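Down below are the structures I want you to see.
Next come two complexes, and both contain subunit A; in the first it sits with subunit B, in the second with subunit C.
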Partner chain A sequence: MKALVWVLALLAVAALAAVPFTLSPVLVQFGISTLLLAVLAQGWNIIGGFTGYASFGNSVFYGLGTYGTAVAMVQFKLPFAVGLAVGAAVSVLFALVLGLPVLRLRGHYFAITTLALSEAVAAIISNLDIAGRNTGLILPLIRGDTMFYELSLGLMVLATLTVLWLSRSRFGFGLIAIREREDAAEVMGIPTTLYKVLAFGLAALFSALAGGIHAYWITFIDPASAFDISLNVRMIIMAVFGGAGTVIGPVIGAFLLSGISEVLASYVTGVASLFFGLVIVAAVLFTPRGVIDAVRRLPRRGLAYFLDAVRETRL
Partner chain B sequence: MLVLQVLANGILLGGLYAVVALGLALVWGVLDIINLAHGAFIMLGGYIAYYLFTGLGLDPFAALPLVMLAMFVIGYLIQWGILNFLVRAPMFNMLLVTFGIDVVLTYLAQILFSADLRAIRPSYAGSNFAVLGVTIPWANLMAFVVALLLTGLLALFLQRHRWGRAIRATAQNLDAARLHGVPPRFAYALTFGIGAAIAGGAGTLYGVVAQLTPYVGVPLTAKSFAIAIIGGLDNPLGVIVGGLVLGLAEAFGSLWLGPTYRDAVSLGLLVLVLIVRPTGILGRTV
Partner chain C sequence: MLFEARHVTKRYGGLVAVSDVSFQHREGEILGLIGPNGAGKTTLINLISGTQEPTSGALLFEGKPLRGLAPYRRAHLGIGRTFQIMKPFPGLSVLDNVTAGALFGREPERAMPPARDAAARWLAFVGLADKAQQPAEALGGPDRKRLELAKALALQPRLLLLDEVMAGLNAVEIGEVVDLIRRIRDSGTTILVIEHVVKAIRELSDRLLVLQYGQLIAEGTADEVLDDPRVIEAYLGRRRH
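So, the complex of A and B:
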C-alpha cells in the first residue's frame, strides 16, 4: 500500500513534468501559476495547518521574496539564482525577527497583527527608492515558460516533501502539539517559541521562493500586486479546502480551486467570481475538514458523510 | 489653525470609524466570529440608502431605521441559515465562509448596482459652518452625532435589555446561558442581525460623507479590525476610543508624514497596541 502511494506520486510528478512538452502553452502558463499557488498553500500549511497559527503574513513573505529577487537583479545586476537566494534570505530573516514578538499572540490577535504587518510593509516598500517606490520594478525579460514551469514544479515537490517530513518528524509532532494545546505542549518540554519561529521561517522560505520565481516570470512587480492580501486569503482557502494539516491536501486544494475558477472564468465570464464565492461557502459547509478527508471517508459513509459533517460543527 | 482643522477632521472621521467598526466588534466579542463580510454589509446598507434616496427621495437620516431593519433581516438569515452550522468548526472555516459571503455580496452589488461611484447627496450636503476658523461640514457632523448615538444605544441595549443581557450571557458562557433558558441559535442570529443592522447604518452615513462602490467593503473590514483591536472587545464604548485614535492618527499621520504613510501609521499603531496591550486600550488587563 505504502509502495503504491509512492509509485502513484512519482507517476503524478512525471506526468506534471511532461506537460510543457506535450500540451499547449496556455496550459503551461496556467500550470505555472497553479504550481506557485500550491507552493504558497503548502507554505501556509506549515504555519497555519500544522502549527495552528492563522497567518495573514505569508503574503509579506511572498512580497519580500518578490522584491528581494527583483532588487538584487535590477539594482545590483546579480544573476537570477543569487536573486532568489537574496529574496529568500530577506524573507526568512524577517520571519525570524518578527516571529519572536508576533508569535506570542494567539488566535484572532495573531491573525490581525500579521494582516496589519503586511499592509505596513507594503506601505514602507512603496516609499523606498531602491524598490522603485509606487511604480515598481521591471526585471530583465526572458522567454522560457518551460524553465519556469519545471522550476515551480520542483519547488512544489520540495515543499510537499518538507511537509511530509513534518508529518512524521519530532519537529512536526511538536508543531501539531502546539496547535492542539500550546500550554500542554510547553509543559511536555517542547520548546514552543523556537518551534513556532522555525515554522514561521520555513513558511517564509517557500513563500519567498515562489515570489522570486513569479517575479522573474512575470517580469514586472509593484507593491500592490506583490503584497496583495487577497493572495493570502487564497492560500488559506486552498489549504483549508484541500485539508489543512495534511500532506497533499493544500496541493489538491490549489489544483481544484484554480481549475474551478479557470473553468468558471471561461464559461460564465460575468458571474465567475460570484460562483467562486458560492463554491467556497458550499465547500466549507459540507466538507469542513477538507476534500482529502471527504475522499477518504465518502466511499464508506456515503452521503451520510455530509450530514454528519454538518451536524458535527453545528451550534 | 491648520492643526485645529486637522484635529476636527480627525475627530469627525473617528466618530464615523467607531460606528463602522461597531458591528464587527459586537459579533467578534460576543460570538467570537470574525466577519470578513462586515465591510460588504456596510456597502450594501449604503446602496439601500442610496436607492431609497434617489428612488423615493427619502432623506438618508430618515431612511436609517429602514436600512437597519433590512440589514437586520439579512444578517439574521445569514447567521441562522449558514454560520450557525459552522460554530463548532475550526476558526479558519468561519473566516473562509464569511470571505465567500463577502465575494458573493461584492459581485452581486457589481451586477445589480454597477461599478460606478455613487454618493448620497441631499441638499445640505455641501453646506458647512465655521467655528474658530475651523470649517465643519454639516453632513459630517450629523454623521458623527448619529454614530455616537448608535454606539450609545447599543451599549444601553446590551446593559439593560432582556435580550441584550441574553447576548452578553451567551458571550460569557454558552452552556450556562443555555441552562438559564437562552436559546443559543436565536441568540447568535439576533447578535449577528444587530451587527449587520449597525453595519447598514454605518453604510448610510458612509454614503453621505464619502462615495460608494461595490469594492469599499474590504478596506472597511480591515479598518474595522484595527479599530476593534485598538479599543478592545469587552466594551462597546471601546470602539469610540478606537475610532477616535485611528481617525486622529490618520489625520495627523497624513499631515506630518504625507498621505502615502497614512495607512502605515494606523496599522503600525495597531501592531504596537497589540504587542503592548493585547486586550485593547479600554480592555481589562489579563
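So, the complex of A and C:
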C-alpha cells in the first residue's frame, strides 16, 4: 500500500514533468502559475495548517522574494540563482525577526497584524530607489517557459517533501501540538516560540522562492502585484479547500481551484467569479476538512459524510 | 531537597493569590496541598510549572532557581503537571497526546516510533491501552483524567504536580487513582497533589500543606493537620457559641 502511494506519486511527478514536451505552450504557462500557487499553498500549510497560525503575511514573504531576486539581478547584475538566494534570505530573515513579536499574538489578532505587515512593507518598498519606487523593476528578458516550468515543479516537489517530513518528524509533531493547544504544548516541553518562528521561516523560504521564480518569469514587477493581499487569500483558500494540515491537500487544492477558475474564465467569462464563489461556498459547507478528507472518508461514510459536514459547520 | 519555595508571593493587582509561602519538598515524598476554593492552590502549581512567575520570592528545583525559565525548560528539568481543567490536544489520538510527552520530556525520544512505544506503555500503565486510537476529545471524564496523568508521566518528571486528578470520580475510580499515584511514587517520582477528596489525601500524603487566602496556615502529617482547629475553621467556618 505504502509502496503503491510512492509509485503513484512518482508517476504523477513524471507526468507533470513531461507536460512542456507534449502539451501546448498555453498549458505550460497555466502550469507554471498553478505550480507556484501550489508552492504558496504548501508554504501557508506549514504555518497555517500545521502550526495553526492563520497568516496573512505569506504574501509579504512572496513579495520580498520577488523584490530580493529582482533587485539582485537588475541593480547588481547577479545571476538568477544568486538572486533567488538573496530573495529567500531576505524573506526568511524578515520572517524570523518579525515572527518573534508577531507570533505572540493568536487568532484574529495575529491575522490582522500580519495583514497590516503586508501593507507596511509594500509602502516601504514603493519608496525605495533601489527597488524602483512605484514603477517597479524590469528584469532581464529570457525565453524559457520549459525551464521555469520544471523549476516550479521541482520547488513544488521540494515543498511537498518538506511537509511530508513535517508530518512524520518530531519538529512537525511539535507544531501540531502548538496548533491543538499551545499552553498545554509548552508545559509538555515543546519550545513553542522557537518552533513557531522556525515554521514561519520555513513558510517564508518557500513563498520567497516562488516569488523569485515568478519575478524572472514574468520579467516585470511592481509593489502592487508583488504585495497582493488577494494572493494570500488564494493560498489560504487552496490549502483549506484541499485540506490544511495534510501533506498533499494544498497541492490538490491549488490544482483543482486553478483548473476550475481557468475553465470558468474561458466558458462563462463575465460571471466566472460568481461561479467560483459558489464553488468555495459549497466546499466550505460540504467538505470543511478539505477534499482529501472527503475522498478518504466518503467511501466508508457515504452521503452521510456531507450531512455530518453541514452539521459541523452549524448551518 | 528536590524542591523548595521561599517566601513566594503572587499578586494580581490588589489581590494576593499566594502570600509569602515557604515549604520544602523532599525527594520521593507525596505532599498534599489542600485548602478552600480560591485559596491559591492552582496558582502555586502555575508558579512552579512556569505558566506564571511569582511577584516575589524564590522557587528552587534541586537547589537552582527557576525564575525566568520558560515552562518547556522546566519540563525538560523534570517538572510535569496536570491541569484541573483538562487540556488534551483535542484533534490528536489518545496515543499521540501522550507521544508529545515522550518526544519532548526530560529524557526525550528523538524519533517517532520509540516515542509512540513509550506512549503506549504509559497508556497501559494508567489503564487506557484499549482507547489509544480514539480521538482525545471523544473520551469521557474519568478517562480524560487518566489521559492527563499519562501525558504528564510521559515527560518522565522528577516532580509531578497533580491538580485535582480525582475531582468528579466515583469511589471506585478514586481508589484506582490513589493506587496509581502510589505506584508512580514507588517508581521514584516526587509528587505534589492538590485534592479535595479528604479520604484520598489522608491515605496518600506523607505531609499536608493547607492554604487559605493564599497563606500557608498549617503544615504537618495528615492527622495533625486535619485535626488542627484553624484548618477545620478554614473549611467549615467558626463555631458559634
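Heads up, the rule we're going with is that the second predicted complex is superposed on the first by the 314 of 315 C-alpha atoms of A that agree within 3 Å, B and C clash if a C-alpha of one lies under 4 Å from a C-alpha of the other, contacts with A are read in each partner's own complex, and residues count from 1 in each chain.
Basically, contacts are C-beta pairs under 8 Å (C-beta built on N, C-alpha and C of every residue); 3 or more make two chains touch, one makes a residue touch a chain.
If you're wondering where the values come from, they're calculated on a predicted model, not measured in any experiment.
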Touched partner set for A:307, first subunit B, second subunit C, both or neither: neither
Contacts of A:81 with subunit B and subunit C, given as first, second, both or neither: neither
Touching partner for A:8 - first (subunit B), second (subunit C), both, neither: neither
Partner chain(s) touched by A:128 [first = subunit B, second = subunit C, both, neither]: neither
Dominant toucher of subunit A (residue count), subunit B or subunit C: B
Residues on subunit A lying within both footprints (that of subunit B and that of subunit C): none
For the subunit B and subunit A complex, residues of the former touching the latter: 28, 32, 34, 82, 84-93, 95-97, 99-104, 106-108, 111, 184-185, 188, 218, 222, 225-226, 229, 260-261, 263-264, 267-268, 270-271, 274-275, 278
Partner subunit C, residues of subunit A touching it in the complex: 168-170, 173-174, 176-177, 179-181, 183-193
Of all residues in subunit C, those that touch subunit A in their complex: 49-51, 70-72, 75-76, 81, 83, 87-92, 96, 99-101, 103-106, 108, 110-112, 115, 151, 155
Subunit A residues touching subunit B - in the complex, by the definition given at the top: 48, 54, 101-102, 104-105, 107-109, 111-113, 115-117, 119-120, 123-124, 126-127, 134, 229-230, 233, 236-237, 240-241, 244, 270-271, 273-274, 276-281, 284-285, 288, 310, 312-315
